[in-house]
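These notes open a run of structures that come right after.
Shared chain: chain A. Partners: chain B in the first complex, chain C in the second.
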Partner chain A sequence: MRELIQPVLTIAGKDIRDALKDRFILLMTAFLLVASLVALTVAAIALKADVATYIEAKAGLIALGKDAASIPDPAFYPLKLLRGFVEHVEIIGAIIGILIGYRAAASERGRQTLALIVTRPIAQWQFLAGKVLAGTAIISAGLIIAFIVAGIAVTVISGVALSVDDIGRLAIVMSAAGLYAVAFFLLGFVCALWARKLPNALLLAFTVWLSFVLIAPQIGDTLDPDNQVAGGVFKQLQIAKPQQIEILQSFSTYETIRNGIEVASPTKHFERLSFAVLGIKDTYAGQPLMPILAEKSSDLVWLLAIALALSLLLFVRRLDPNRLSKE
Partner chain B sequence: MSTFVVQTSHLTKRYGDHIAVKDLSLNVEKGEVFGFLGHNGAGKTTTIHMLTTLLKPTSGTALVCGKSITTDSLEARRHIGYVPENVRLYDTMSARSNLRFFAKLSGVEDADRRIDETLEFLDCRDLAPRLVGSFSKGLRQRIGLAQAILHRPDVLFLDEPTSGLDPMGIKTLRDLIVRLNREFRTTIFMNTHLISEISRTCTSIGVLNQGELVFRDTIEKVTARYGSESSLEELYLSVTPVQTQGAA
Partner chain C sequence: MVTAHSTSRIGLLTGHSLAALMRERTVALLGLLFLILVIVSAYLGWSATSTVNAIYLRSAEYMSAQGQTLPPNPVLDTSPLALLRNMATYVSLIGALAAIVIGHQLMSAERKAGTMPLLGSRPMRPADLGIAKSLALIVAIAALVIFAALINTATFLALPEFRLDAIGWLKLAAFYGASGLYLLVFGFLGLWFGASAKSETVGLLIPVTIWLTLTFVLPQITSNINPVAALNPVSALAEPPASAFFQITGWALGSLSLAEAYRIISAQLLDFLPANYIDRAAIPAAVSLFVAALGFAGLAARAIGRMDMTKGDYDA
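Entry: the complex of A and B
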């Protein structure tokens, strides 16, 4: 057993040390942190304005003679502040995943070391597993730091300590983010390992990123009838959920196509799951975790299936020696 | 028991309609320094890629130390050391870290002691703590050679080992190859297109032309028959007629 695992750990260890010296990856991770903190600050400013409005309204009602105890306290969900953070993870997290994956193969090809490694007495799967393990570890470490910083920032900004339930929700979203970023890592790795020329690999990976991270969810959102009015058509017209479902049945073909475009995007699956678990989407705010997880399990399964499909693609194909060097 | 370290039989590699290596049947004996000579694109690197298990042959068989490169490739690799052309290694790591990495992958026990011995043998122990990125091409090639012999392979494959080196670097590397062969009895399989390299380093020669082996003999016999290095050049040109007439 030790003989099987040792080469995997050797390759992973080398890759992790190597990535920690890569300034570009460190810079991108720092950018994710800064962008997330900015998003949280913006959300906090908006929240502060809402709180000020509430206090002003409450004072007005009391001045009009209303009993203070009869005015309900506002519902406050600190995790809702993480909307911008989740959106940054969707976009920048995917880019970081692609770059780490690309780097895992491109750095070896550029130095001609890939040929040296695969002529050692190790199996191809051990080499690939080492690379995937390193990529997963690097991505996980980055996400753990980002989520801890985000959690602390939410606590500091909102002045409300996160409950155990909140921390559990953050951990679930962090795991989903890990799966999501690892899928993009695999994409970058596969492209850089198989492309005839390395720049083509990056081009291909970013074309996929553009299509599935930006374009598909955007098309899905734009075509959503509920998004045609700010705040949602149904909400503005005060149409209840059962009626909403009834109305949408008339557009079932349209909705199938629209939803099909959306679900083609792993980003959308990650977003649906995260927004529901963190209560960012109003429907789920304050709802218990388990029913949400049960409802959104298909999104988690999709993310898992995408990562598994890319892994399968990676592990079944034999490495081509003509792709072992830069050109 | 066979004394052949490399045995190929009708080894062929095709890329679509193009035949890179055609029907190659070749034996290299233990302790030989075999020079594989040919023009650029003759199929030398493809042959080395097949023998180092990087590339699957289209047909034919090849054994390295009695192990099939296709059905027993993992075992075959235990006997192989490989230095590709222009090896760069990991720039941001020291020579020792680079070598430790490859030693671990090769399953070398007590890696640090073996690294010291190997660097001592290559007269470059002082390079161990330095970053490989700061090395000249010659020094890099020497560390490339070190990684290939850490596990004391039976056969060392070198692809154009002196390519791009200055005359001093070429001489140093040639001397090391000869010493390696003498002291460790390592069989050397060396690709080159330099006749001077063959005449000064090798004990036997094979000439590949357009994927086909067109000449194979010991340097001793060739020298006895043809005399000087310039005659070796004439021999080479005479067995590779198509390319000498300007064909690619």
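Entry: the complex of A and C
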């Protein structure tokens, strides 16, 4: 068993050392951290502005003679501040995954060492497993740092210590983010391993990223009738929620197509799971974790299935000797 | 002074650069994706508008049965030009990325082919190469924009219920002018790093990182627009919370937030800018785009002029 695992660990160790020397991966990870801190700070400032508006409105109502006790206090959920952070993980986290995957293959092709490796007494799966292990470790380390920084920032900004339940929720979202970024790592790795020209591999991976991370969710979001009118169509028509549901039943086919476009994107699965677990979506705020996990387990299964499908593609196809050099 | 010889050299270099660009499959792939999305954009606008209208009619039935007063139909307030509101998003996503790749490819193809020392040995001023590559970039981006404009013109002609008057057509033309200018900003950015970066990959990734910052990070600081909301043409124009922070950042950084500047111009020209929307940037949006395009063009020309013409490849 040790003989089987040792080459995998050797390749993984070498790849991690190489990746840490790659300034662009470190730069992109730093970019994710900066973007996340910006998102959290801006969210806190926006919340402060909302609180000021609430206090002003409350004072106005009291001045008009309304009983202060009858005005409900707004509920505050610190994890809601993470919305922008989660969205940055969706966009930049996927790019970091692609870059790490691309580098894992490009470094070998650039140095012409891939052809050398396949002449050594090492199975193809061991080489690939070493690369995947290294990529997973680098991605996990980056995400752990990002989520710890985000957790500390939320505590400092909100002035509310995170509970054990909150930390558990963050850990679940971090694991889902890991699975999501690993799927993009596999995409970048597969493209860079198989493409005839290396820079084309990066462009191809970026085109897939653009299509599934930005365009598919954008189309789904745009087709949502409530996003077509500023403030929402039902709000403008002043129609209550139960009636909205009743009216929308007539548009079930349209909604099925719209949802179908959205769920074609792994990003939307990660977002739906994360927004529910962290209570960013209002309907899940303050709700217990287990029922949310049960409801959103299909999103987790989708992420897992995408990562597994890409892994299968990677391990089943044999390395092509014509694709082992730089060009 | 530009002589007839140098004009002919520039013309030759421009034509050759465009011919080489057309052979690049990734450029063709991104260009094709952009044009598909131009068609999708018109369909999305039509489909979403029709659905909102159908929801209004269904709601009107319900409200009439309840004896409630009917509010005005929001679709009637919508200009036919707003049918293309998603175009602004696709230009700023796939269009900008395609422009970066085109700009980058115009220089990287030359460097990879090892033709730089050969060009250096010809009787050519350093500026000639910069002018030729800039012209090739302008022609390639103009071609993308003209194709998109033709598709959208055909869409309006095919949908009689969305009829444009003379001002509407002028606004549509101005929108494509603004889109071309926005794409040129990113094209020159790609050209700049295609000429100055030490490695091909870094030359592509730095402009992509700048694009990410302009599209997703700056709008958050200046207007509290979350990254995903920035993808929706309507949500991206939401007013920021009433806070001194957003007043200051909007004024100071709004001019640098080029994606927002383009979004505001597009919303004005395609008639979907909310009536109460206030652009808080210190410099008007159109001026920001002009200055950015000119600035990046200058930086690209400087980088091309300073290239070592004795080096063949990135690694040489």
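Side notes on the structure shown:
One rule holds in what follows: the second predicted complex is superposed on the first by the 289 of 327 C-alpha atoms of A that agree within 3 Å, B and C clash if a C-alpha of one lies under 4 Å from a C-alpha of the other, contacts with A are read in each partner's own complex, and residues count from 1 in each chain.
Note that a contact is a pair of C-beta atoms (placed from the backbone, for glycine too) under 8 Å apart; a residue touches a chain by one contact, two chains touch by 3 or more.
The model shown is predicted, which means the values in this text are computed figures rather than measured ones.
Taking chain A as the reference, the larger set of touched residues comes from C, when chain B and chain C are compared.
By the touch criterion stated above, A:S250 is placed in contact with chain C alone, chain B being left untouched. Of the two partner chains placed by the overlay, only chain C lies in contact with A:I91; chain B stays clear of it. When both complexes are overlaid on chain A, the residue A:I45 reaches chain C alone and has no touch with chain B.
In the superposition on chain A, contact of A:V118 is made with chain B only, not with chain C.
Of the two partner chains, neither chain B nor chain C is touched by A:S297.
By the touch criterion defined above, A:I215 lies against chain C but remains apart from chain B after alignment on the C-alpha atoms of chain A.
Note for the complex: chain A touches chain C at residues 24, 27-28, 31, 35, 38-39, 42, 45-46, 48-50, 52-53, 83-84, 87-88, 90-92, 95, 99, 102, 106, 198-200, 202-204, 206-207, 210-211, 214-215, 217-219, 221-223, 225, 227-230, 233-234, 236-239, 243, 246-248, 250-251, 254, 271. Against chain A, in their complex, chain C makes its touches with residues 25-26, 29-30, 33, 37, 40, 44, 47-49, 51-52, 54-56, 58-59, 62-63, 71, 74, 86, 89-90, 93-94, 97, 101, 108, 200-202, 204-205, 208-209, 212-213, 216-217, 220-221, 224, 226-228, 231-235, 237-238, 240-243, 245-246, 274. Partner chain A is touched in their complex by these residues of chain B: 49, 52-56, 74-75, 77-78, 80, 82, 84-93, 101-102, 104-107, 147-148. Within the complex, the chain A residues that touch chain B are 3, 6-7, 10-11, 14, 17-18, 21, 110-113, 115-123, 318, 321, 324-325.
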